[in-house]
Structure formats: C-alpha cells, structure tokens
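In the two assemblies presented below, chain A is common to both, partnered first by chain B and then by chain C.
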Partner chain A sequence: MTTTANPVDIYLERLHAQAKTRALYTLISIGAMVFVITSGVFFAESQNAGSLSRGMDQFWDFPVDLFVGAWDAGWGWFGLLGKHAPELFRTINLALFSTALGFICAVFLSLFASSNLIASGWVVSFSRRTLDVLRSFPELVLAMALLFLMGKGELPALIAIWLHTVGALGKLFSEAVENCDMKPVEGLQSAGAGWWQRVRFGVLPQVLPLFFSYGILRLEINVRASTILGFVGAGGIGEALKTNISWSFEPDIMAIMALLVITITALDYLSTYVRNKLIGGIRL
Partner chain B sequence: MLEVNNLVKKFGNNLALNNVSFKTDKPEVIGVIGRSGAGKSTLLRTINRLNKATSGEVIVDGTDVLKLKGDQKLRWQKDCAMIFQQFNLVNRLDVITNVILGSLNTQPSLKAMLKLFSDEDRALALKLLDRFGMIDTALQRAETLSGGQQQRVAICRAMMQQPKFILADEPIASLDPLNARLVMDALHRINREENILVICNLHTLDTARNYCDRVIGMRMGEIVFDGPSSDLTDDMAREIYGAEADEAFEPGVTSTALGGSPMPAGA
Partner chain C sequence: MSTSVSSMSDKILECNAASARYRATLAAVFAVIAAYLAFSVWMFDLPSVARKWSPERATMFMLDTYAHKDVVLMEWDRADDIDVYFEAKVYEYEKDPDWFSRSTAAAGSRVDIDNGAYFVLTGNTVELHDWPGLDAPLIFGRYADGRPQIIGYENNRDALPEWIRWTENKIEVRPDLYTRLQVFGRKAEIHRYSLGWKYFWFDFRSPLADVSLFDAIGLMFSSERVDPTQSNASLVLSEIWYNEIWFHMEIMVAMLETLLMALLGTFFAALFGLPLAFLAAQNITPFEAVRFGLRRLFDLLRGIDMLIWSLIFLRAFGPGLFTGAFAIAFTDTGTLGKLMSEAIENADSKQQEGIRSTGAKKTLQHRFGILPQIMPIFISQTLYYFESNVRGAVIIGAMGAGGIGLQFLGAMQTGTDFENVAYMAILVLLMVIAIDKTSARLRRILIGLV
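Take a look at the complex of A and B:
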C-alpha cells in the first residue's frame, strides 16, 4: 500500500465510508421493523377480549349455517340472485358515478399539486394539503356524518366516496406527473406553447394510461366501499345484506355474497384486461 | 475469431438483414457504414442476441453462438460487450455502480442483488474509470453527466465485462466532435492495447477512414462493400449511401474532426 494520493485508493476509501453509513441505516431500519412487528403482536394479543384458539371452535358455525340454508332453499335459491340483482346495480351505479366524478376532479387537482408543472410553491403546497385532507377521512366516517345531516339515501354516500376518491387518486396522479419525462414539455415550451397546451400534449400522453389504470383499480375499491356504505343507510346491496343478516335469512345472505364475489371477480378480470390494453398501446 | 454466415433477419415482411456474411481472424477495428435503415444496428444487435435472427449463424471458436441457451447465452453476451448510441446507463445509480454492473454475469447472484460488491471489483472499476479520465465522477449519479462522459462510463462498463469483442452501435452519433473523438480514441486504444475486436457502426466516412482498419458498407440489409478502409473511395461511398451520399461525405462534414465547417441541417 502506498500512502501517496492514488485516486483509486482515495475513492476506495470513500466507498468504504459510504458502505459503513449505509449498513448502519439498514441495521437501524431492520431493528425498527422487528420492534414494531413484535410489539404490535403482543399489544394486539393483550387487548383481545377472547383468545384466538377459543374462537376457532365456532369459526365454521356461521358458514355451515349459510350453506345449509342455501341448500334447503333448493332451486329457488337461484331466483334470489335475480331478486337481489337490482340492488347490486344500484351499488355498482353509485360506485361508477362517484369514481368518474372523482377521477375528473383528481386529474385537475393533481396538476396543481405537481411541482414540475407549477412554479409557485404555495399553490403546490395548498393543493397537496387539500388532497391530504380529502384522503384522510375514511368513506365510512364521512358518509355517516353526511347521512346524519342529509338523511338516508345515496347522495351522502356518493359525496363521501367522491371526496375520498379525489384525495386518493389525486395523490397518485400527481406522483405520476412528477415522475414524467420533462423533455417533451420543454420541447413544446420552446415552441411557445402555453401551460394548458404543454399539459395536454406534453404530460397527458405520458401519464393517461397510468391514470386510467389507477382509476379502474379505484372503481374496484369503490364497489366494495359503496357496499359497506349500504350498511349505514346508503341503500343498495349493502343494505339488503344487513337486513338479511339481522333477520337470519341464510339463502338471501348466500345469494348476496355470491353476487358480490361474482362482481368483484368480474371487475378484477375487466380491470386487468383494460389496464393491459391501456398500457400496451394507447394513443392519446 | 468471428464468422458471420448468411445472417437473415426479418421484421414482418421487412428484410433488415439479407444474407449477411463476413469473417475476421484478427482483432481489428471494423467500421460498419451505411445510411440509416441499412441494417447496421440490427446486425450488431443480432450478433449480441438482443434480436433473434431469422436464420444464419455466428461462429465463434467453432460454436454457433446464435444457438446457445440459458447461462451459455448470457455468457456469450458478457463476452461481446455492447455500447449504445444513447449510452443505456442506469441513470439513478452512481457511476461506479454502473461500471460494476458490467460484471453482473460473473457475480454471485445473492451478493449482487444486495449490491454487495467485492473490493477487487470496486478497485477494478475505479482503475477503468481512472484510465478513461472519469474517476472524479465515480460517486455521482450517472444522469448528472454530459453525453460524452456517459459514453465513457458506458465504455468502462463494457470493459468491466472483460469482453472478447466490443460492438458499438453508433457510439458517437449523439456526441459533439471533441467528445466523439475521445470516445473513438478510447475504442481504438482498447483494440490496440487489449487485442479486443471492435465492430463499430458509424455514420460518417472520415471517422471510418481514421479509426477503422476495415470497413463494411451496408445497403438495404446487404453488404455491398468489405475491405480495408484505404480502399473506400468516394465512388464506393456514393454507392453505399445512394441518395444521402452528399451529406455523408461533404468535405468537412465530419463527426470527429475538430475545426471543420459547421454541419448542415440533417447531416
């Protein structure tokens, strides 16, 4: 080893120092993770009213009752699927409408929350905080407050899902926009294109496939959300489910659950298909 | 050393390579010239197996490398390093890591995935960077470098592969004359000092004449000229370039000569 300033040795030394700091950070984060997980498990166990092993004995009672009830209903059970279908459509309709509305608002709000498009830090910061606030209320909490104010119906649920969707999608959208390649935008800027023109032709073609893909994922989430909101008075299949559970109509419960599983599965297939199509070769 | 026999590559109905054959026994610098779309890139990418050949063979040490599978195919790709027009570095990683990535093929996989590289590898990468005048950028992100610097890092990555061949696909097409010269000098030096065969796609005649021992001219997927660069007459070049000829060898329109007249639009 020479002690003269050989550049290779100098940089090797620096790399060693860098590696040491990195190893330290990795160790700290692993330690923190282990701590959080173990302490979480112990905390949950100590807070639980019953223990897991005791609950296991009764675990199958309810599903067995459901299947027995559905079996006893015979062929008439399939008629129940048709009986509950209109309620399902109401729920899907609610999800579709609120997702579409939220999607459009999220696109516009996300542009103003993207620091690569907006020079003013105040505007970006304000838009981001708006998205944060919208996202921070779970649909259920927002819907219950609105249902209390406005009475039972679909409108409070619609507003709740819409607002939460704006917050959730807007955050994802603005991250997509901030990660997009700014070279095309610069090209348009150099040609004298205005801000909206640059967004329309420089940014949107890059991010729209991703936007749609996130939007469809959100639709799936919103179908579930609007089902749950039915429990608290927003109508649709959720309300039917709640009623039938409280009256112990096993065949009906079974039919509604079957409808929900079919819907979510179908949506999952549909969204995978559409997402592949979009990311594959969308022309905008 | 390297023998290409009847190489054919079709893209749909488009014949990108039409029965391309050539052979070399010594580590020389071969320049491949021709207008854009003549099949120069396709030729190199097919030899490296980034593209699948429609038919034909590439014989190296008695084996047809186009038929290799699995690890052997990856080992062949390690042996014939590629250099790209757009450098193809990992922008978000620092320069030294980018260089070490050239040795991925021979790295123990788990260690490499955790980015745990040995001191020997680091030292080797640093020596390469030092050799091509890039060591001061070792800890910077690749995206912070200029085009010419990135291309020299790409050359270091290629050398890190400890290749037998270097395939350079328009390595200087996006560089200014000074950087183009540095890059071509580097490739030439590698050839002379380490006896590595260099095949280099070029788009200007003077670079081919200055740096290459042998020139292959391509036109519409076929080889129309193959000989020492001294035999490359202006008439021959006209034949290779066809309608674009005037742009390609306008005196002074060069990519590596400094102090020439400015390039006309579209050159």
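Take a look at the complex of A and C:
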C-alpha cells in the first residue's frame, strides 16, 4: 500500500515533531536551571558552611525581635514615628529636589537629542551620548565617588541622583519627542513660527503629560535611591536606619521601617493615580 | 443684529477672562515651583559645591585609577638606608629599579625622571636638577630645629615656582602630575607615577612578577619548570588566580555571588509568584477573601524595599548569597504576583471557553486556555526583573549583603586602592551590559518559541 501521504497526516506529523522539539527545549532549560540553582546553593554553602540551615532556624528571630521591641515600647512607639519624621522629610526633599532639577535639565537636553527637532546630526548624537554616559553611571557609584571628593553630606547625593535622573529621563523624553505628531509643528512653521515657538506650541503640549508621568515614576525611584545613599553618608532616614541597626534599637528600627513602607506604598499609589489621570489608558 | 454682536463681544470677553484666569493659575503654579527651587537651593547650599570640590583630591583619584606609583623614602636619621617600594611599604623592591642608582649618603643616590630631570638624595638634602624651565637646582633641606626648608629661598618665597607649597611642617613639590616630592621634618618621599595597572597578572611576590603575560603563556608550553613542585601551566594560572594585589579570585567569586543572588532570587520569585498570581486573579479564584488577602500580601512584599528585606535577612544569614537572594525573592514575588494577576485577568476568555466546551477540567482549562496567553508576558517580565535585579544585587550587596557590591564599597572606603575600584567598576559594567544583551536575545528566542 504505497499511496501518497494524506496532507492532513503530513501536517499532523509536523505538529508532533514541533511539539517534540519544544518539549526537548523545555526539558533542557529546566535541567539547566535546576543545575545552576543547586550548584549555586552548594557553592554558597561551601563559601559559608551551614549558613542556609542555620539561617533558616533564625529566619524569624529578627522580625520577632522588632515586633517585640515595638510592642514593649507601648504607646511611646508612635512618638518615635514623629521623632524620625524630619529625617524622612529630608530624604524625600532630597529626592524631590534632585528629580525637579533633573527633570528641567532633561527636558532641554532631550529637545537637543531629538532628530525631528534638530537638523544637525552632530548636536543630536552629542546630546544622546551625553545622556548615555549620565545614565550608565549607577547613582551609588557616582555618589560614592562624590562623597569621597566632597566629604559627607547631602550635596554629593543630590548631584549623583540629579545627574542620573537627567540621563534616565532624557532618554525617555527624547523618545517621546521623536514619536510625537509633527503635523502641528509643520502648521506652525507654515505660519512663520520660530524654533522655540514650534517647540512650545507644537511639541510640548503633546509630550508634557507623558513627561510628567515619567517624572513621577522617577520620583518614586529616587526616594528609594536617596534612602540607600543615606546609608553611605548622605544623611536622612537611611543614615538613621543604619545607626539604629548598629545600635540594635529595635523600636526605632521598626519605626523607621514603618515610615519607609508607608512612604513607598503611598508614593506607589499616588504615582499610579496621577499617571492614570495624566495619560489615561497609555501603559508605560 | 445688534444683539448677536453684543453676545459675540460677551463671548470674547468671557474667553478673555477665562484665559486670564488660566494664566494667573499658571503663573501661581510657576511661582510656587520657583519658590520651592529657590528654597531648596538655599537649603542644600548648592553654591557650596565650588567650595567643597577639591580638585587635588579629584586629580589624585583619577590618577590613581589608571596609574601606579613607586616611592623612594629617605628618613633623615638613617639616610644611608633608602627604601624603594611599589605603592605601599610592604612591597619593597629587593633589586633597585633601573631609574634608581644607590650610593652612600655622602655621594648621593640618584632618582631619574623620564623628562631628563633627576633628584639627588644626600644625607642632609634632596636636590632637584634639570627640571625644564628651572635655571638652578632646587635644594631642599632642614633648619637646625628640623623643620623643612628650601635653601636660598627662606626670605624670598615668592620667587619659588607655583608648583611648590611650603607650610610650617611640610613642603609639597609637584612639578607635574606624575612627579611629586614631599619633605617633612622626619623624612622625604619621592613619588614617581607611571601609566598602567602594574602586577595585574602576577603580583609583587610572585616568582613570575616581572614576566609579561605573553611570555608567561609561552612559558606554559616550555618544559623547563620555574617551580619544580608544579607544572608551569598550573603555576601561571594559580599565580594569576591568587594575585594579592588585584584579588582576581575574590573579585570573580564575588561577581559570581552577585549573579547567583539575582538568579536565585528571580527564580524563586517566578516560582512562587505565578501560582499566587493565579490564586489572586478574579477570573480564576471565586473566593473574595483569598484574593483580597493575596493582594495585600503582594502590596506588603513590594512595599518593603529590597534594601529593608536584605537588612532583615542579614541577621539570619550573614553577608552572602542567601541574604541577597531572599531579599530579591521576597520583593519580586510581590511585584511579579501583582503584574501577573493583572495579566491573567486581562487574558482573553474565549480560548478558555473553547477548551471548556470540549469538557476539560478546570485545571486543564487554565493550562491550555490561559497559560499560553500569559506566558510571553511572564517570560519577558521575569527576564526584565532579572536584569534589574543584577543591578539591585550590586547595591544591596554594598549595603551589607555581600558580593561584588561589598568588595567595591570596601575598596572605595580605603581611599587608596582606586585602581581596584576602577577595575571592579569596569567588571560590573561589563557584567550588566552582557546580562542585558543576553536577556534581550533570550527574550526574542523564547517568545518566538512559545
């Protein structure tokens, strides 16, 4: 019986073959994953013998200590929230100010990094490279270097976050500007508008809502960053947390953590709300 | 006719009024922003940047990242015994380098500088000869009471070149970036900088210290053993691996640790996040209480920053892989759970209905009706989080969780090992770029496949 194969059979055959290769790939990647994970755990165990099992026993010790400490402090614990609020304010203000400065610089730099607004390829690529360089330095590295050069304080952290924000926002902004509708700009040009007038009335009204929503997202990131920079000497709530941890003041640690969690969660909700208001259905 | 004209002008007036109100609001908003910025400029004391910025420290910092220094140290009390060493006093040269010719204190030892100038160290003075632009040699010595002195310039300090700083207890001479002389009451030090990372492959005490890498590779294949107890190949490799100046082993292990932190953390976040996301999705779980509880759990996990989680786990696990991995896993279980439960709720229900119409069980409906729809999102999000977790692992590592972050912070805080800082910064940057590229490729392959 050597009849020509039924096309449906050929198709089914091919499907089966595809399913087989896919299953094989899945199996291989799961195997590789399991291998990496187990060898990673063994590697870590060999670095620091018995740390996983010992750590698992003590897993809840510290959180329990924190809660017990806060409980023992009684109503006075709520006073600690007030005590650390000024430090939190400093951290938030550091983030807010550096985001504001970064936002302003990024708006102007991004205009020069957009090929639909600037004819000169030189200026565009120079601005883009500037943004790339600013973005590629992590805040922590930049802040550490500046802290070393300028001494401890908020200023090095401010500059570090500022520069990183310019890089991060500038790239997003210039992408937004390059994707905007050029028809209003052409209309303005035909009416004899200059460069700045075209940008002001043709481009900015289109992109500003997007700019603000990116900016608010960045503010949220920068609050976390300025907390972290407090750890390495920029002051604020991060430094307070570090000090209290090294002194083992459980109620204070608990109060600071509570403040941070409240702030970050509130900012998270606020930024989602404001972004929905600003840009409606567009997802970032 | 006249009524319509008047209503027209009313409209215009109304428009003008609205526009004026709008402008006033805008001006008020700008005024508030400007006031805030002005207040903050004052509060953070932004103008003090110029004052706090010390160009000398910045230059030293930069110089140290790409150059190394050799030091010639003469203590006035024992001027016959001059020390010549590399970077730190523990690395004293056994054989004098060829730019240094040793002699007795009376005859004067000589330190050559590359531009033809040279220092002469006698028991009582340090002389700088032939520096370009200098007519006569400068002679540094000490007053009778031991304070440093520049002979012949005691009463006309203004005639000195501007690269000399003379204070009560110290004379600092820096004719160019790569040459420096410091004269104190107790000792005189000449720093001679040269470009490059010295002893990068073989450290100071290695038997191969003066062998270049190419020669060392050649040596690996020669049969004559440098060290009779082991083969040349293993000697070369172990000398590189256990380098005590550049710490290749420690740094590579720390990098691996950071990478594993991110990998393990993201893996477990994905492992727990996906099932929990199903339980938290409205179209899967009918129980309101379960969904509500899970959503608040996600909020809690996400709301506590990765840094705080790592501080909590630091007590239990100490600095190392597990602290970082748990911190990442906890935070990202929250993030991935929230994201994926939203994706599941947004999934098209038609596919699930089609599967149900064949009489399939609930689990099979989810497996073939929903999972294939959300898999691309799940994979790409997980890979994105892996990328950002590599960066995050470096940062929480520096805050105490270990890995390359901690090594980096340590090197930074010594304030002297900036070449190591630069080396680690480059490695971290390369690692991050490589991970980004790999994950982008992987995303393309996997999502094409799914």
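The rule is short, and it goes like this: the second predicted complex is superposed on the first by the 221 of 284 C-alpha atoms of A that agree within 3 Å, B and C clash if a C-alpha of one lies under 4 Å from a C-alpha of the other, contacts with A are read in each partner's own complex, and residues count from 1 in each chain.
Methods note: contacts are C-beta pairs under 8 Å (C-beta built on N, C-alpha and C of every residue); 3 or more make two chains touch, one makes a residue touch a chain.
These numbers come from a predicted model, not from an experiment.
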Which of chain B and chain C A:Phe148 touches, first, second, both or neither: second
Which superposed partner A:Phe67 touches (first chain B, second chain C, both, neither): neither
Touched partner set for A:Phe126, first chain B, second chain C, both or neither: neither
Which of chain B and chain C A:Arg14 touches, first, second, both or neither: first
Touched partner set for A:Phe108, first chain B, second chain C, both or neither: neither
First (chain B), second (chain C), both or neither touched by A:Met33: second
Which superposed partner A:Tyr273 touches (first chain B, second chain C, both, neither): neither
Touched partner set for A:Trp247, first chain B, second chain C, both or neither: neither
Contacts of A:Met257 with chain B and chain C, given as first, second, both or neither: second
Superposed model, chain A: greater residue contact from chain B or chain C: C
Residue ranges of chain B touching chain A (in the complex, touch as defined): 96, 119, 122-123, 126-127, 130, 135-136, 138-139
List of chain A residues in touch with chain B within their complex: 7-8, 11-12, 14-15, 18
In the complex, chain A residues that touch chain C: 22, 25, 33, 36-37, 40-41, 43-44, 47-48, 51-52, 55-56, 58-59, 61-63, 93-94, 97, 100-101, 136, 138, 140-141, 144-145, 148-151, 153-155, 158-159, 224, 227-228, 231-232, 241, 245, 257, 260-261, 264-265, 268
Touching residues (chain side chain C, partner chain A) in the complex: 33, 36-37, 40, 43-46, 48-49, 52-54, 57-58, 61, 253, 256-257, 260, 263-264, 267, 299-300, 302-305, 307-308, 311-313, 315-318, 320-322, 391, 394-395, 398-399, 408-409, 412, 415, 425, 429, 449
